[in-house]
C-alpha cells in the first residue's frame, strides 16, 4: 500500500511538470504545427522567411495527394541541431502543407547497423517517400532505391542515386565565401575564427568557403585580416572540437581560445557548438559576432544569443526536403536529379543581417551583394569543394 | 595482510558434500541444476519487462496531456502503448524469417565482443576497450577486403585473421602496459578507445580506404570476394558471421577449460599470487589475455566491416557493441555458453527494438534500460527472491574483479 | 559482577561452530579457553564481542543481557578484544588507531591530535607499555602492535578483555612480558579470557581452564592440578603424541646454499639484508624469528617469486639466483608457501585443479596445450587417498575443505615427486592437531629419504621440534645458529629479540 | 664457508633497486627529450623569431601584459635544463626527485614546444591556462566522486552514469522549476544513484563493477529514452536558464591568476572548495579517519564500534552528490541544454584521474589538470596551425593519459579494502 502511494507521488510530480510546460507547448504545436522542430522559445515563433529563401517558398494552395513519409536519420540522431533536425523539420513542414500524411515515421539510427533495417521498416510500413539523412546512408539508399522503384526517395547531403532518388547537395562554400568577406569587413580586431565538430566535408565546406572569402577581402582591399582555424591549403589541420556536444567544455575552450587570440567574428560549424561560443563572447564582453549555419540562427537558436548573429550561412535542407516531398505529392517527383543547392538556385544563401544590420556599412553590404552576384554568374570562382560522392 | 571481511574461518567448515556429475562439469562451471539455470534469468526478464512497461507509461507524453481531462482513457492509451511496444518488440525479434535473421545478425558481433570481455573477466582483467579493438580489427579487415585480391575461399579467412591481429594488437597493448608498467587496463583501454575512434575518423578520409575522387569519409566498396556470404540470400542480412561467432564460443570454451593457457588465465584471474607461485608468467598472461580478448573484439570488427551491407564503411561501425558487450559478459557470467545465450537475447532485444521504434515510438534506448535491469536482477538474486517470494537461486554473488589489483 | 555466556549456538553453512556453550568470567580472573584450531574458540569470542550474532543463547554482564551483533554495544558494556589478526589500520598512526571510534574532536569534527596522543601516553605509562603514539602502525614490530591493541581496549575502559591467540606472534621473552601485562590487568580487576591452543601457556597464566572441542564445551580443568597430557587429550579427544618422533640426522652434501642474499620488500626496504646459510641433504634446518623479520621475503626469493637485489642462491651447486619459480620447481624443490589461501591454492579451483597447479603444463596432465583432465582427476584421487585428504570428491572447490585438509592438498602436490629440497613456510599454521602431526611426519619422511628441508615458522615450538639445526632471523639477518638437539627456548628466544645468540 | 660460496665470493652481484632503475630510465628519457627539444625546437625555430605569450585577456583590468621571448634561445635553454635533469637522474642521486624531475621536464618541454609553435607570432598563455582549469572541472569532480567511494572500499565505476543522469535532472528541473530546483535535483539524482550503488553492493553483495556498469547503462538508457520521448516533444523542458560566471571582485583583476581562477561559474569555485574541504576532511577530521579506516580495514573499524555499512552508505551517497554537482555543471553552465550521452566518457577519465591521483584529493586535481592541460594545449596548437591533422591532435590528451599512467604512476596502492564486500555474519 505504502509503495503504491509512492509511485502515485511520482506520477503526480510528472503530471505537474507537464502541466506547467504543456500550455506554452500546446500553443506551439497547434499554431505552427511541426514547423519549428528545433525552436525552444515562443519568442521565435515569428517565422520570417529569409531573403534568400523567399523565391523558393511554396504556396500552400497547391493540390497535393498526401504521401506517406518515412524519415531515417544517421547515427547522430534527430536531435543534432543540424542536417537531421533540418530534414525532419522539412518533413513536418510537408505535413503542414498537406503534402505528407500526418504522423510521418521517424527512425533514429544508433549505428551503421540500423540503416538497412530502418529502411526496410519504412518499406514494410508502406512508406511512399523515404527521406534518408546524411551521406552515411547513401549506399543503403542506392541499394533499396533500385529494388523499390515505385518508392520515391530523398537523400540529404548526397547526390541522386537513381531515377527515383532526389539528391540534396549544397555548395555551401559559395555562401560561406560571402560570409567570410562580410566577416572580414566588419571585424574590428582584424582576426576572425572558425572551428568545426569533426573534419568531414559537410562541416569543412563552410570553413573553407569562409576562409577563402576572407582571403578575397584581403586581396581586394589590401587588408590583412587573419583567419584562425582553417587554412584552405591544409584542409587536414582545421580546428575541430572532436565532439558535436555543446556541453563539452572543450567547445567553450576552443572558442575562448580563439577569442584570446583576438578573434571577434566566429563561425562555429556543427550542431549547436556555436552556442558556447555565444556565451563566451557575451561573458568576455567582446564586441563580436557569430555567423550561423544551416537554418537561420535567429529562429533556430535560443533568444539569449539574439544580438550576436551577424548573418547565417543558410543551407536549405528544410525547405528542399519539403519541396521534394511536395513535388512527389503533386505528381511530379523530382527523382533522378541531384539538386545541388547553390547561390544560383537559392538553396544556399545568406540570411538577413539581423542584429548586426547597423554595423554593416552600406558599401560593405553592396560589396557582399556584388560578390553573391559574381559567384552566381561565375565571375568569382575558385577551386570549390566537391560536394557529395563526386 | 590481515584478513578482512572474510566470512567464517574456512578452517571451521567441513568438506562440503556437494556432488556434481563430473570433474569437467565442475571445472567448466556447467552442470548447474536446470531450474537454477533457467528460473533466475526468466524472472529477471519478467521483472525487466515490468519495469520497462512502467517506463513506457511514464514517458508517454501524449497520454499525460490527456490525464487531466480523461484519466481513464489516458491510462488506456498508456497500456495500449506498452502492449504495442512489446508486441512489436517480440515480432521484430522473432516474428518472421526476417526478424530471426536480424536477431542473429545483430547478435553476431555482440557475442564476439561479449566473449572478449568474458575472457578478460576470467583472467581478472576488465577490458572496457572492446570498442577500440573493434575499430582497429575492423580497419585491418577492411584493408584486406579492399586491397588484397584473393579468391573468396582465401580472402575471407585472411581478412578475418587480419582483424584478429589488429584487434589483438590493440588489446595486447593494454595488456603489455599493465604487465610492464602496472598501468591499469581500465584506464588504458578507455583511452585507447578514444584514440582508435579518432584514428578511424581520420584514416577513412585517406586514400588508403577512400574511393578515388570521393571527399567523404566513407570507404570504397569491399571486394565481393571478401564479403561474408549471406546464408539465406541477399534479402536477409544474416551471414556466416554467426558461424564464426559460434565457432568462437567453442574455441573460447576450449581455451578456457581445456587448454593449459586457459588454466593459467583462470588461475591468474582468481589469484595472481597463486599463479606466480605456480610458476606461471603473470606478465605474459596479462598480455596474452588482452591479445586474445582484443582478437575476439577484432572479429566483431570484421563482421562489422565485411558483413554489413552495403559493404562500405563509415566512421562509427563499432556502434554500442563494446558497451553492450560488458553487460552481456556479466549476464553470461563470463562463461562462453552464457555469453552465447545472452548475446542472442541482447540481439533479439536490439533487433526487436528497431521495429518497436517504428511502430510504437519507443526508441531503442528502452532496450538499454532493460539490459541493465536484467543484469542487475541476475547479479542480485536476493532481490529477485524478495520480489517474487520464491527461493530463486542459491547463487553466490559473482565476484568479477578484485579491485584495482595494484 | 560477572560476564556470562549462556547456551551459545552458532551455525555456519554446513557446520555448527558453537554448540550450546556456556562460560563465565569474574573480575580479576583469568580464564584460558583451550581448544584446537577449528574448535570454535574464535567464533565464540567474536559472538561475545558482537562481530557475529549467535543463532541461540545470550550474554549477560552483571546480570544484564547484552545486545549482541554489535561491537559498539559490547564495547559500551565493557568488553574488549585483542584479535589474533590485529584490528589495526596499517597506514594509520598508533594514536589514530587507538582513538578510532572515540575521537577527541574540536569544532567541525576536527581531531584533537594532542588529546589523542595524551590518551595513548597515559595508558602506555600506566601499564608500562612504551608505545609512541606518532609512529605508523605498519612500521612498528608485531609485539608493539599487540600493545597498541591492548591500549585500544583499555582506552575504552574494558572490564573484560579477550585475548585471541595472543602469543602466536611473540618470542618467548615477549610472552613473559605479555604475561606480566596480563597479570597487571588482573590485579587491576579486569576479567581476562585467554584463548590459546598452547597447553603450557594456559597452565601458566590461567586461574581456570575451559576446553572446547568441535564447538562443544568438554569440561573445565584446574591449572594447579591438570597436566599437559590430560589437557591435550581433552582438546583432541584422544591421546596425542606431543613430541615429533624423529631419528638423528646424518647430513649429507650441501643442497641449498644462500650467499649474502639481499631482498627488498614491497615497499623497497631491505628486508633480507645479507643472509648466508646452507642446508644439507638429510637435514632439517629451521628458521625461527618473529614474523616480519624477512622470512617471507627470504622464502619468496629462494623459490623465485621475488627478485633479489644482491647475493646468490645455489641448489646443488647450480646458481638459481635469477631463475623463475617454474625453473626452480623443476629442479626438484617442494615449496609449501606461507599463506596457503593467498598463494598456495586457488580457492575457487577444485581439488583436482589445485593438485596440478604447478605441474599442469607437462605430461601426464597435458599434451601440448591441451589439458587431460581425466588423468588429473585420477592422479588427484590417488593423492587424496595417499595423503589422507578428507574430501568427498576431487571436483569440489578446495575452499570447501578445512584448513588442515587444504594444507594436505599442498603437501600432497609438493611431495609427490622426486624432491631434492623442501622449503616449508608456516607449514602448520591454522591447522588442527591431527593434521599437524601428519604434516610433521611427512616432512621428517622427506628428510629421511634424503631431501634437504628448510622450515620457516613463527611457532618456536614447531621449529624446535622439527629442526636439526636452528637459525634465527632478526631484522633481515641471521641473528643466531643453534643445534636442534641442544638449543633451549630461552636462548633461541633471546636471539629472536636480536640480543645474544651464539654461533656455535 | 663452503667451496661453492668461496668460488663466487668475488663476484659481487648487485642489482639496482626498482627506484634506482626507474631513475635511470627517467634520466634517459629526459636526455632524449632534451636532445629532441634542442633539435626540433631549438634548431627548428627560425633565428630571431620572437614568441609572444599574452598574459592578459580582453576582460582583464591590466591589459597588454605579455612575455616576449626568442623561441630559439628559450628552446636551447630548456634543452640544456632537461638534459641536465636527465644526467642528474642517471647518477641516481636524490631518488625522491625522480617524479618531480619528470614533471619539470615535461612542463619545460611543453613550454619550448609552444614557443616553437608560436615563433614569429603570439598566443594567449593565460587563455590556455584558463582553458586548462575549465577542462579539468568535470574530470576532477568525477575523480572526487570515485575517491569518496573508494576511500570507504567501494569501487564506483558508475561515475559516468551519475554525471549523465544528474545533468539530465539539472536541465529538466531547472527548466521546469528554476535553477535552484535544478541544482538540488542534480545533487539528489547523483545521491540516489550513489544510494543505488551502495544498496546493491552492500545489501545484495552485487559485484561492485557490475553495479557500476549497470548504473551507467541505466542512466544512459533512461536519459536517452526520456530525451527522445519527452524532451523532443516538450521542448520547454530542455531550456533552462544558464548559470553564468561570477567575477570575483579584486581577485579577478590579478594578472594571470585572475582570469585563470576567479572568473568562472560558481561550479569551479565549488570544485576548489570541495577539494580543500575533502583534503582536510579526510585527513584531519573524525569523519575522514572513520571513512579511511573503513576503506583500509573494515573489520578493524567494526571492532572499534564504527558502523561500516552506514559509513559506506553515507560516503557513497555523498560521492554521488559530488557527481551530481559535476552533472549540473555540464548541464547548466556551458549551454544549458541536455544532449543524449553528453558525458561522452568523461566519467571514466575521472576514474583514471582518481587512480593517477593516488586516491588523494589534490592528486585528483593534479591529474585533472594534466588532462585539462593536454586538451588545452592540443586546442591551442591546432589554432596555431602547424599542420597536424585535427584527429591526431584530438587523440593527444588520451595518449598523454596513457603515457602518464604507464610511465609516471606505475603501480599504485589503493585503499586496502577497495572493492571488497564486507560481510558480517
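Lettered A, B, C and D in written order, each chain numbered from 1.
Definition applied: a contact is a pair of C-beta atoms (placed from the backbone, for glycine too) under 8 Å apart; a residue touches a chain by one contact, two chains touch by 3 or more.
None of the values given here were measured: they were computed from a predicted structure.
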Shared interface partners, meaning chains that touch chain A and chain D: B
Between the pairs B-C and A-B, the one where more C-beta pairs touch: B-C
Label of the chain whose CA centroid is most distant from the centroid of chain D: C
Cα-centroid distance, chain C relative to chain D, in whole angstrom: 43
For chain A paired with chain B, centre-to-centre distance based on mean C-alpha positions, whole Å: 36
Chain B-chain D separation of Cα centroids, rounded to whole Å: 29
Residues of chain D touching at least two other chains: 228, 233-234, 297, 299, 389, 391, 394, 416, 425
Multi-partner residues of chain C (at least 2 other chains): 12, 86-87
Multi-chain contact sites of chain B, meaning residues that touch two or more partners: 2-3, 7-8, 61, 198, 201-202, 363
Interchain contacts (touch definition) - all pairs: A-B, A-D, B-C, B-D, C-D
Contact set on chain A toward chain D in their complex: 17-18, 20-22, 24-25, 28, 37, 39-41, 77-79, 108, 193, 198-199, 228-229, 231, 234, 236-240, 242-243, 245-254, 256-261, 272, 275-276, 279, 283-286, 302, 304
Interfacial residue positions of chain D with respect to chain C in the complex: 2, 4-5, 8-9, 12-15, 17-19, 284-287, 289-290, 292-293, 296-297, 299-307, 416, 424-425
Partner chain B, residues of chain D touching it in the complex: 155, 157, 200, 203-207, 209-211, 213-214, 217-218, 220-222, 224-226, 228-230, 233-234, 297-299, 345, 348-349, 351-352, 355-356, 389, 391-392, 394-395, 398-399, 401-402, 405-407, 409-414, 416-423, 425
Residues of chain B defined as touching chain C within the complex: 2-3, 7-20, 22-27, 258-263, 266-267, 270-271, 273-281
Complex interface listing, chain D residues touching chain A: 54, 57-59, 122-124, 126-128, 130-131, 134-135, 137-138, 167, 172, 175-177, 227-228, 232-239, 242, 244-245, 330-331, 334-335, 337-342, 344, 346, 375-376, 379-380, 382-383, 385-391, 394
